[in-house]
Amino acid sequence: MNSNATTAPGPSTGMSGAPEETLLAVQDLCSGYGPVEVLREASLSVRRGEIIALLGSNGAGKSTFINTVCGLVQPRRGAIAWMGRDITGSASPEIVAAGLIQVPEGRRVFPNLSVLDNLILGSYRRGRGARTANLERVLETFPRLRERSRQSAGTLSGGEQQMLAIGRALMGEPVLLILDEPSLGLAPVIVEEMFGLIARLNQSGLSILLVEQNVAQSLELAHRAYVMENGAVVFSGNRTELLASDRLRRAYLGA
Amino acid sequence: MSDPASPPLPALDTTSGRRRFLRASGALAASAGAAPGLLLAQPAPIKVGVLLPLTGAVAYPGQQSREGVMLALDDINGGGGIKSMGGARIEALVADAQSQPQVGAAEVDKLNEAGVCAIVGPYASAIAFATTQAAARHNIACVLDQAVADQITARGLKNVFRFGPSYEMAVRTGINNFHILNTVAGKPVKTVVVVHEESLFGTGTATTIARDLPALGYEVLEVIKHANPTRDFNNIALRIKARNPDVVMQANYLNEFALLLRTLRQQGVRPKAMYSIFGGGGSNPKVAKELGEAAEGVLDCNHWFNPKDKRGPALRARAEKKGLTFTHELLMGYNATMLLADAIERARSTRREAIVDALAASTWADHFMPYGPTRFVNGQNQGAQPIVTQIQKGDVRVVLPNTYAEAEPVFPSRVG
Amino acid sequence: MLELTRLSKRFGGLAAVDSVSLVLEEGRIGALIGPNGAGKTTCFALISGFIRPDEGRVVFAGRDITGWPAHQVSREGLVRTFQIVQPFTGQSVLENIAVGAQRKRSRAAAIAFAAEVAARVGLGDQLDKPAESLPIAGRKRLELARALAAEPRLLLLDEVLAGLNPAEVAEVLPLIESIRAAGTTVLMIEHVMQAVMSLADDVWVLAHGSLIATGTPESVTRDPAVIEAYLGHGAAARLAGAT
Amino acid sequence: MHPPQSNRSVTGMASSIEDSAPPGRGSFSRSARSGQPAAVTHLLGGTMRSVRVLGAIGIVLALAPLVLHSDFQLTFVTLALYSTLLGAAWNILGGFGGQYSFGHAVFFGLGAYVAAMLQVHAGVPAWIGLVAGVAAGAAAGAALGAISFRYGLRGSYFALVTLAMAEVFRIVANSVPFTGAGVGMMIELRTGLADLQFESRRGYYYLALVLALVALAVGSWVRHSRFGAALAAVRDNEDAARALGIDATRVKVAATALSGTLMAAGGVFYLQYFHYIDPSLVFGPSVSVEALLGPIVGGLGTVLGPLIGAFALALVSQIATHLLGEAPALSMALYGLILIVMVTFLPRGIGGLGKLVRLRARRGRDA
Amino acid sequence: MIDGALIGAALWPALVNGLTMGAIYALIALGLTLIYGVLHIINFAHGSLLMVALYAVLVLFERLGLDPYAALVVLVPGMFALGYALQRFVINPARHGRDENTLLVTLGLSIVIENLASHFFKTDTRQIETAYTFMMVDVAGATIAMPRLLACVGALVSCLVLAVLMRYTDLGRAIRAVAREAQGARVVGIDVEHVFAMSFAIGLACLGAAACFLLPAYYVSPQVGHGFVLVAFTVVVLGGMGSFTGSLVGGLLVGVIESLGGLLLGESLGQIGVFVVFIAILLLRPSGLFGHKA
């Protein structure tokens, strides 16, 4: 959310130059909490260089999907492959080390730690060598964080916390960055910045899986989109197909 | 540490809700090797309950007492058992009161069922209140090893016998002995500060001292009460320093006694004497050794043997040879058992009534305590008395009364 | 039935609810809608006494209940449900509902009544199941049943349809309608617009703590401001273009 | 600490008292008599089942002395019942209410001291001492609950504040003259029903039995009453309870008072049984621990949990002694070890065992 | 009992005494606050584990002639390892997500430990005498025993070391992160279970250090821990659960309150001061002096 980057450039629609390598392939994933099954055979794939939007109403199972992919919730059935390797049931430290990193819903920054310490912990799974360079890059991207680096994260505003959460994730050198509701509770102008940032990150080579309420702007950016309902993926396709299918209006506005 | 009339602060957690069964213990082995010739004609062993706190807050004195009981049984069984009953051995059934009255009382019932004819124990007064009464229901004689609270023998229970001095007796004697020491030395001591622990034993002692000393011409400058445990004695030491008494009188347990002693020395507080009543520290050879200089000259009015009777030092030597610290708890456990054996010998029976009667009629004089012949009134041996010991050159020496003294008292002793 | 006057609440400088005023007439179904984080749930918490407002008044059935503790508000007949369902875990479905019913009844009567309410919401065959074993749809019903068992005059429903599939939503809609038919006024927070469209008489749209639109369901869903608030800046035009 | 989940069932007898569905009947089935769903009849019948089970236990235990000729066995059961009483008292607040107190000795000690002071200083009959002691426990419970819950204490904070309260009472009892300070208090030996002291073990046995049954019955009432439902609701989800019109603070205060009342009865029993109390004995932490251990081991928030826990712990202790009696400290260590193993493998207490078994069985059927 | 002149004269030394004792409390509480702050468990075995460490120091001194302060080199890593193993293999498996289980397990642990100690070490009180036991240092008119002063310095240094560890190492950051935001920690790839065990281990390492500093000034018996448990909890609550600065300041404060309470009310009743402060803090400011709001 660099103030320099105000407008988001549109996606490279033809995906020209983007290799077709599949980063993440999720097949018929099921999981849940206790007796409740939330995910019911959800499938999704992300190719290198893509921005994927994962859409759906509240409670559709998007966050559970992400948490299961990231190893925070145990999958019950189905398979998750990461860069051709089966990571179903792997522990989250391993998955983070492999470059699959999420920015969780609600940011989950460490409120009692300084901004700098938050960022440093982002590279917990990376060598000390890379840390300084990563840190410099992230602070370059987020000048606001540099200003506040000594402040404890709990004292930041919502927007700043979101920057911090993204910065922290970037510190881990992600190959695929998963963003869970990054615009939640942010003022419109900040939301604009946020989408600008996402676009720039993608242009710099980062693949992104974006879970958003802000459907219109997500679709602006995304190469492809999936729509979830009741723990299952009910639609996938590109923006034009999605807008044409009226699936979105059904999912969000019910009409 | 002398008899705590009640156990100090119970364990935070360890002992709750536990009920324990007794076990038969090592007396058998001890007697087996003694007189092989007798084995064939051996009559049935005489079962005696040994009920002591072996775990929990007062486990240490309880275990010490048990060692004394075991040494006594070695002597009795090794010496041919109870002769009036054909040389029957005494078998100890050891039970753990876990430093809790309710456990002690439950153990009495179990010992009853196991058919004991008498019970030795249970060291602490708070436990004794419960166990003596439980035993009274079965008319089992209780020979108290310590349990010095006067109330225990003041409840009209016919089955309770205390060979050693009661607490009132001890404090009175303690005060008198102190007065004698001071008078003989030309009355160098005029002012007193009393330091005591907060439970029955310390509080009662301190109250009596504070009440009786002024009549003898002493000024009690201050009575200082402390908790168990007290982690820091520096403030107390400073208070004492500020009061500058001629003597510090103590009634507390070993841990606090030792800490206070150490702190006084560190703070350079040097009263003319340190005198404790039932304090135990001044008659504990281990304290004498571990605290070294700091303990030198400390006086204690406590249970101790007559050093002029060879059997006392011999017992001590035996205990120490076993790697034990010879303390008064061990001594009193030994004595209680010997007293009981004498009664059984005269009762010629394991019938409980017979043993109770025999104990009540006891005139046992063949002991090595500084007492006369035994005479029970309401279960209290009238001739019992504590004597004054002093730590001299790293060891415990009896210094008063003169009849029993093995060394001259150093008074004033300039402790500190 | 319910009147809010300039109701406001700030959390550390951020206005979660900013001067919200509305009037809900008796016997109607009102809907409070708006994007995530708009302050709807905070609004419910203010009305139901879980949070004290900084400013403004809450008047319920002619009585000023501003700042009353939650249990007293509930006893007045204003009962809320929770967005994140809050079953009494470890208790059975029947026991859960009976807690709601026992305000004015003996325990036995409460249990019997609870069974009736359970049947009404479609939980009649799950009475002895542990509440935590219910799937989301079941929990939502349970949440609803428990509140209904308290026989509210005004029922605040916080996203009672979220997480239900269309079939389940279709089942619950008549239920809410029947609650109103039985004489209970309803104020709901809802994302499922289908429900809002078919049920609500009055709709208030909240964004960033303030009311941005008021009216019938049809009027607000056509309101460009509302569409923008939901789907993001410029969404109205784009959607219009796409269809 | 989070509110514990209530264990809705315990093993054996307990399951019949708690919630086991009548066999062979699905939840759909209606009981022939009332035309109500089976679940309703079952829940409505809870009180009656409790009464029946407790009655049966009462009768068995009341007749037990006819069989238990050994005084030791009688004492064993007496002390287990005394432990049950303490556990049942704690269970009201800790189990049904989800508020863990580490300082129930406050009520125990107050009961014992009030009764002792009245008997010693005022020559009041023991029965009145019992009533006064119990009343003191109730008042202290209400006061402590009001202070703690008004200030919104919960979880470990509540546990710690109760722990500290017990220490304060211990120190005060140790320092003021009318409690006899550190010297403690001894009541006169005077046997007879009027003095609540008994010549025979049986007297105490029946006193303990009656008190334990009353405490369990109160637990059963809590389990099946409106009050108990409100209490459990507050335990399981305070916000939801408040939304349904339950005054959470009042309910918790009432539970503390009730719990304190029963605990104080335990203190009076202790006094009448052992005749001597001092500050450490009755306000010491081991009393509080004894009260909480039973219900947690037996099954939190169940009617019979305290009974099962108390007897199980007493047995475990016996087993440990039996195995390692030669070394009392080692047998005690074994006891601790068994406790750890039990917690590791029976996370919901012995009471949770039944539930686990049924769950497995159900899963087995499903598969 | 109360005598103005006496109190006036003793005030400064009492204050100094309180501070030195308080430093030891702080060190013991440091481990407890770490364990509470991160794992949110009330560790009832804390006192027993202190006792284990004290016996270890005693044995090293008596058998190998190792100076108690030199024993730090053995005790700190030793207790660390013990802590890691206990949390990983005993406490965690029994937890099942229920706090009452943790309570029972730590209770059970303390029963096991204490009774093993009484079995193997007997139940008597042991103390050691070193060359510096009776060395005294003058602090502006108050005389302090050398071991106490060293204990005080040791406590301060340990607090500092821990603070540095917490602030400047990845592990320290991870521990602090897990304490407040475990989910966030998982997201960045922190193995939360490992961090739990490390926290417990460091908590026990603090006890190891505390034991080395405590023994020359104190004694050891199987029950020695009881005297410190409640005080340590008080320190933790006063300082704010999970706060290291809090536990240092809280420890010093408790030491001073206890010392002044003893001076003014007598050493027995004076204990009440600590608990009254304890209760007042719980009621009025449960987050403690330095704690975060819950």
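In order of appearance the chains are A, B, C, D and E, and numbering begins at 1 in each one.
Everything below uses one rule, namely that contacts are C-beta pairs under 8 Å (C-beta built on N, C-alpha and C of every residue); 3 or more make two chains touch, one makes a residue touch a chain.
As the structure is a computational prediction, the values presented were derived from the model and not from experiment.
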item: Chains contacting each of chain B and chain C, listed by label; value: D
item: Lowest number of touching-chain links that must be crossed from chain A to chain D; value: 2
item: Common touching chains of chain E and chain D; value: B
item: Most widely separated chain from chain C, with each centre as the mean of CA atoms; value: B
item: Chain located farthest away, centre of chain A as origin (C-alpha); value: B
item: A-C against C-D, pair bridged by the larger set of C-beta contacts; value: C-D
item: Intercentroid distance (Cα basis), chain D paired with chain B, Å; value: 38
item: Euclidean distance of C-alpha centroids - chain A vs chain E, Å; value: 43
item: For chain B paired with chain E, centre-to-centre distance based on mean C-alpha positions, whole Å; value: 35
item: Where chain A touches two or more other chains, by residue; value: none
item: For chain B, residues that touch 2 or more chains besides their own; value: 9, 11-14, 55, 59, 198, 225, 227
item: Chain D: positions in contact with at least two other chains; value: 4, 171, 174-175, 182, 289, 293, 329, 332, 335-336
item: All touching chain pairs, where touch follows the definition stated at the start; value: A-C, A-E, B-D, B-E, C-D, D-E
item: List of chain B residues in touch with chain D within their complex; value: 5-23, 25, 54-55, 59, 96, 98, 100-102, 105-106, 109-110, 112-113, 126, 129-130, 133, 137-138, 151, 155-157, 197-200, 202-204, 225, 227
item: Interface residues, chain C side, partner chain A - complex; value: 14, 35-37, 132-136, 159, 162-166, 169, 191-197, 208, 221, 230-235, 238-239, 242-243
item: Complex contact set, residues of chain B against chain E; value: 9, 11-14, 55, 57, 59-60, 63, 198, 222, 224-227, 229-232, 234-236, 238-239, 242-243, 254-255, 258-259, 262-263, 265-268, 286, 290-294, 325
item: Residues of chain D touching chain E in the complex; value: 1-2, 4, 100, 147-148, 151, 153, 155-157, 159-161, 163-165, 167-168, 171-172, 174-175, 182, 289, 293, 296-297, 300, 327, 329-330, 332-333, 335-337, 339-340, 343-344, 347-348
item: Chain D residues touching chain C - in the complex, by the definition given at the top; value: 4-8, 19, 21, 27-28, 36-40, 42-44, 224-226, 229-230, 232-233, 236-237, 239-248
